[in-house]
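You will see chain A twice below: alongside chain B first, and alongside chain C after that.
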Partner chain A sequence: MRSFICKLLTPLILLLLVGCSAGESNVSQGNREGILHFGNGSEPQGLDPHVVTGVPESKLIDALYEGLTRKNPWTLEPEPGAAASWTFSEDRRVITFKLQPEGRWSNGDPVTAHDFVWSWRRALDPAMGNLYAYMLYPVKNAEAYATGKLQDPEQLGVRALDDHTLEVTLVEPTPYFLQLLDHYSTFAVPRQVIEQFGEATDRFTRWTRPGNIITNGPFRLTEWKLNRRIVVEKNPHYWDAEAVQLNGVVFYPTENLVSEERMFRVNQLHYTNDVPLDKIPAYRAMPDSPFVEAPYLGTYFYLLNTERPPLDDVRVRKALSLAVDRAKLARSVMHDLVTPAWSITPPGTLGYQPPKLFGYEPERARALLAEAGYPGGEGWPGLELIYNTSESHRKVAVALQQMWKDVLGIEVTLSNQEWKVYLDSVSEMNFDMARRGWIGDYVDPNNFLDLYLSDGGNNNTGFSDPVYDEMILERAPQAKTREERFRIFHAAETRLMEEMPIIPVYTYASKHLKHPSVKGLPPNLMDFVNFKTIRLEPVDVHEFEVP
Partner chain B sequence: MWKFVASRLLQAVPVILAVITVTFFLVRVAPGGPFDSEKAVIPEVKAALEAQYRLDQPLFQQYVAYLGDLAQGELGPSFKYPGRSVNELIAAGLPATAELGLYALLVAICIGGVAGVIASLKPNTAQDYIPMSLAMIGICMPTFLLGPLLVLVFGIHLEWLPVSGWGDMPGDKLLPSLTLGAAYAAYVARLSRAGMLEVLSQDYIRTARAKGLPEWQVITRHALRGGLMPVVAFLGPAFAGLLAGSFVVETIFQIPGLGRFYVQAAFNRDYTMILGTTVFLSTLIVLFNLASDVLAAWLNPRLRSQFGEA
Partner chain C sequence: MNEPILEAGAVEQGTSLWKDAWIRLRRNRLAVFGLVVLVSFVILALLTPWIAPYAYDDQNLDLGATPPSAAHWLGTDIFGRDLLTQILYGGRISLAVGFVATAVALLIGVTWGAVAGYVGGRVDAVMMRLVDILYALPFMIFIVLLMVVFGRNLLLLFLAIGAVEWLTMARIMRGQVQTLRQQEFVEAAVSLGLSPATIIWRHLVPNALGPIIVYTTLTIPSVMLLEAFLSFLGLGVQPPQTSWGLLISYGAETMEEYPWLLIFPGAALTLTLFALNFLGDGLRDALDVRGSTD
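After this line comes the complex of A and B, so read on.
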């Protein structure tokens, strides 16, 4: 028996002994070898740009592939990517792209205009089940093809004039179209590899595995260990390989914020996907703080069900919104990380400033509620606010619940729901009031304002205004200049906020921890990371002492 | 003996079938579906996706088709990770989880067994109370508290051990194993103490002492084998429990194991993944229970003879 116990103990003791020498950290090894260690949030669904939908996926795909344009991480303006240049026709409905003459897949094959034609057909094919197919809807006949009303892909407004010339015809002039071309749903995928492993639209094949996949971006895939790490290395066939400074990137699925922050503290990561809210004050207080924050193109708001009493009364909706002290919320709950929002579009979207029709006005809020028949909260029938289970959503909801009680004297009950249950409640409009967030897919007010079209799939409030629809769908696209277009958007958004189908709460902010060695990774409105511009200039930080 | 094993295996079939049936229909009743997302899904796209996963067929037909696939060992494609089958995801997560479970079990046996035996030697004295109080704390302390505490002390303050990972750096397996094993060590301590106390009052122990054996030989030669019987019976279900219940530890330490897939599958309404992991884990639990029964019989001559007659 004793020898049996010895046999059990030996491996454990050995483990303990080996454990005491922690070895070189990822950051110092990475700095030496030019490898970036990147916290990427969660395990990606996959690497097929026409299948996936999430943010972690977009980071990986931006490293591996390249669209016709690529965003400049400082200005967010589209710059040449797989396309070297482009010209617009007189009526701005036809765009002719000249592809990079040296554009190549990671196996050395040239990237041609035919690759893009084939890929866009695939992205729009209804059988593909691409959730982001609508990103290509500005292209002629794209919507009809994606919804099965048109069968012939030849009629799509995209064709190859020769190997390196791609002609795209739009339904109407679309000022933000170039912005869409660096969204992964418009990327080219390697036909030769996909067809080798199955049908073009088959979601279940193995073409994206290491060894099979080829891509046209600055990096190529070398290792993919589920829930562990994904490794990419510099792609020597990339047309602009000289400009790429990193030798590789290791992406970690860092789902647990607290663990991610610990990894950063002991130099296991160069960059974190997020920062726990309660750690922010301590990091901010540090000299040479690694904490980086920036406004984010997204709005946090509450949906109001305008079809249910008492929220069918615009005065009640306004009273609720005017009673919210957004500045106080941002300060006390959100550590001044976010800025108060007064409308749906985040301010500064390509220079666009949304209307601000109201402020924190407790007196007026009380008067409106009294007018609606609930003076001082008398006779208030009660309301329920739903949110998806999360500590930060709960904190915001509790703060607003208290404000409504203090200012208006009314009770709002809170109810948290598991994610999919919450999504179901929202899409079925089975709620009085519901938390919602919207993150822009591209930098343009249209991306936020088309949410509230009468038949918009993401409307979920019952708001319907034919004049608003006409402004967004007809008048704005016809505008001759950006100023005129923004004036129309402004007028439409004013109409929207006068009806108050939503309570805007705050504009999101992105937050990360960034090791001082990392350069060329600026914070921006889209939280966009261009791995091409990142470089490592070794700075030795033994460990981050967080007070 | 073989008859016993065969009959137990036969009994397991309806149990597992019942688990599959209940799980299959329960996950479909839950609100929300695998393709619901924050952004509205175009109806044509949703229809195409449902067709790819057979969700457009009547529910009962889907059930029959699933059983058909299962009979061939196919657990189907994952909803959340297109391009990966559930078989592949389980195979990817199992090694880390099984290794973690095994180490945790070793921790449990070593620490718990020793503590329990020490406590049993002088019942109702400090030598009994101290390890048993520690065991009580171990049972009560949830892993989501113990894990971060150990990380804070050994990972961040003392810098002896890595704060997360699995097999990436030397020593990164130690803290997760300790965290997961601690609660089980506490159970083992209590079980082995009770088992030892019972055995130590038996006549054959008095005989051993009377014939003049030194006390340590009485314990190791005669008492341990009987005293640890309850622990052996506990090991099978415990190991299955460790496999199914390592989710929290896997999350704290970023371990690429099965537990994380399992829980995320429920949140994602990844129907095939929920079913696949449930079927897999329930089969394991049945097998481990059987294995620990067989082991207990092998260690206990009285039970062994019963099997012989059966």
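After this line comes the complex of A and C, so read on.
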């Protein structure tokens, strides 16, 4: 029992001590020493760019590694990263990258084109089990290699012409390809270190531990205390080290939004990962509010396991989706922060508008459920909805649980799981229904639509439609104009939503609390943080008084 | 108790231990208050489905969180659910966990400790080493394992918590029995040819009741808190079902915006814990056999 009471009291006591003592807060100390204290949501699953899939991991990896390109946080345009420049061939199918002449790993070794070739082969190796392998599918033969149809890695469309020249051959001219290169699944990983701790394709070996890991980004890992903090410091070997303004970043796993918000208020964090929903009205009303909200390229939805009854029946899936009053949820539970979603792609991605095939239709939902053999919920076998532990996920789940009960008369039980457990359950399809959010890795509808390819690593629903696959993989890339491409996407997405393997709930908005001393961290559509551009200009705020 | 409560003649009339205790308990005002509070909470919990003003999962999203009003005496939570109803239903779970898990702990702990203490020797050593080993296991891991292996259901939650809470009880009981079995009345019972089981249950356990009861009243609240913690981790009660512990943990999240969501469930739990403590104190005094024969 004592351990429980300690667990409950320790944070409170710490908070009191921190709040009352004259000791220096994280923020003022950080401002002095150039250290950013960053709330990062969950404890990361790992730091291997070819293994992880989550947003908390992506923040860390963006600080530690660097892809061929790096996004500008204001415009989201790809700018030179590990590649200093690139040229396209006439037909835009071959890209030649010149790497940074001074590009170095954090141990001083040069970053070469061979590193990228080796890493891309690793990322695509079927033995690696990389759920993001399909990000590289625009590269010639990548799909065949990743699905085991092609054994010879030499035939992949990526070659090192010399130490600093990388040639990439694409299947089709891919308009968003340069954006992909800022996604961690295309990053270079240190071959030498990985092979020292196991096979190239071993997952979760000790190579990502502090002391072992070497990276090529603006920062390097110095400390990883499980569930407490991860510390990175400026990488002196980084090619553009002079441009890096921070001396280091401390990442905190802040799964509990309420504690995170309190930490922010007493100057323990510069930047929070999220804001508790119920605090939003108060923060909005604050003068000079540290509250930052922005549209976010992401969709919040529930995955339906189409391989398990009763969800193997499309009528049941539709009934569940039609019974959700999204407008009411957005208004009352989410404080008008988000907008209802009716499909997987966020509206307006590069100007693309997804289909809206249905609305809140309780009558039709009941009729569909009755047709499927459960009139008024009679004979309903029960369903379990899993979500990763978080107050906001719980709130959405509780609200939807009740809507289903009121409209359809069916019981859905809830079960929360810790982030890593949840990720495992989802990837092994060990669930009936699972909360899911998908955040754009690059700004293009393709990033959302290729989730539901039959063999997509992040499909996780059992949805499989050869026509859909063909539209996304063959027809859309060959489209001559953007309008034609979007028409194909629209048709494909209509097919997808007619099968309803997911229940779209809302389109995300990002929300953070940002200390006024933090500069160079603009809100953007992808909630992308470029740690390279962040600087600290000390502003003294003793404590944030929320009205 | 300092003053003798019964007159000398009364002892000769042979009042039973329980009647004796009841008379003494009734004179302890705080204990009576505790008993009344507890009994009324239990009655409320039993009658909840009939007396609750709303259904426990009846949401009104447009209403949202509102402070206490005529329609909702204790206000509503962010889903527009009536807080009074939530507390009533939460009390059912919290009280049930508290009593059932403690009863399990009591049964295992008292039997185990009494047997170990009475038999002594090698049996005692083995039994108590087992207790030591279980003590050394991080109990959270033990409960989590139980829940994972056997799946999640409420009854199992009760049993799992009981199964880790009996250890201290066993130690206390063993200590008591070890001192008691040296005494003449036990020797007398042995020479009368009573079986060990009879001696333990008829003579040793009633004499050790004092500390056991005090410890029991301490176990009930700690079990209630443990349930809240497990539910928070996703291993106990899941929404829309609720318990006081969960209500408090949710209320604490929004205590600045909607203080009533913390205050009322907190008050219910606090009142129960006070009542248990007063009652426990009173019972200990009332059942203290030695105190009464002076």
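Keep this in mind: the second predicted complex is superposed on the first by the 333 of 547 C-alpha atoms of A that agree within 3 Å, B and C clash if a C-alpha of one lies under 4 Å from a C-alpha of the other, contacts with A are read in each partner's own complex, and residues count from 1 in each chain.
One rule holds in what follows: a residue touches a chain if its C-beta (ideal position, glycine included) is under 8 Å from a C-beta of that chain, and two chains touch if they have at least 3 such contacts.
None of these values were measured; they are calculated from a predicted model.
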Contacts of A:129 with chain B and chain C, given as first, second, both or neither: first
First, second, both or neither for A:513, with chain B first and chain C second: neither
Partner chain(s) touched by A:258 [first = chain B, second = chain C, both, neither]: both
Chain B versus chain C as contact partner of A:282, first or second or both or neither: second
Which superposed partner A:365 touches (first chain B, second chain C, both, neither): neither
Which superposed partner A:427 touches (first chain B, second chain C, both, neither): first
Which of chain B and chain C A:329 touches, first, second, both or neither: second
Which partner, chain B or chain C, touches more chain A residues: B
Doubly contacted chain A residues - partners chain C and chain B: 1, 5, 8, 258, 418
Parts of chain B lying in touch with chain A, wherever the complex brings them together: 30-33, 36-42, 44-49, 52, 77, 80-85, 89, 92-93, 103, 106-107, 109-110, 113, 148, 151, 155-156, 159-166, 168-174, 177, 220-221, 224-225, 251-254, 256-257, 260-261, 267-269
Complex interface listing, chain A residues touching chain C: 1, 3-5, 7-8, 257-258, 276, 278-279, 282, 325, 328-329, 331-333, 389, 391, 394-395, 397-399, 401-402, 405-406, 413-418, 546
Partner chain A, residues of chain C touching it in the complex: 57, 59, 61-62, 64-65, 78-80, 138-140, 152, 222, 225-226, 229, 233-234, 238-240, 252-254, 256-258
Residues on chain A engaged by chain B in the complex (per definition of touch): 1-2, 5, 8-9, 11-12, 15-16, 18-23, 43, 45-46, 48, 51, 53, 126-131, 133-134, 146-148, 203-208, 225-228, 252-256, 258-259, 262-263, 265-266, 268, 418-425, 427, 437, 456-458, 543
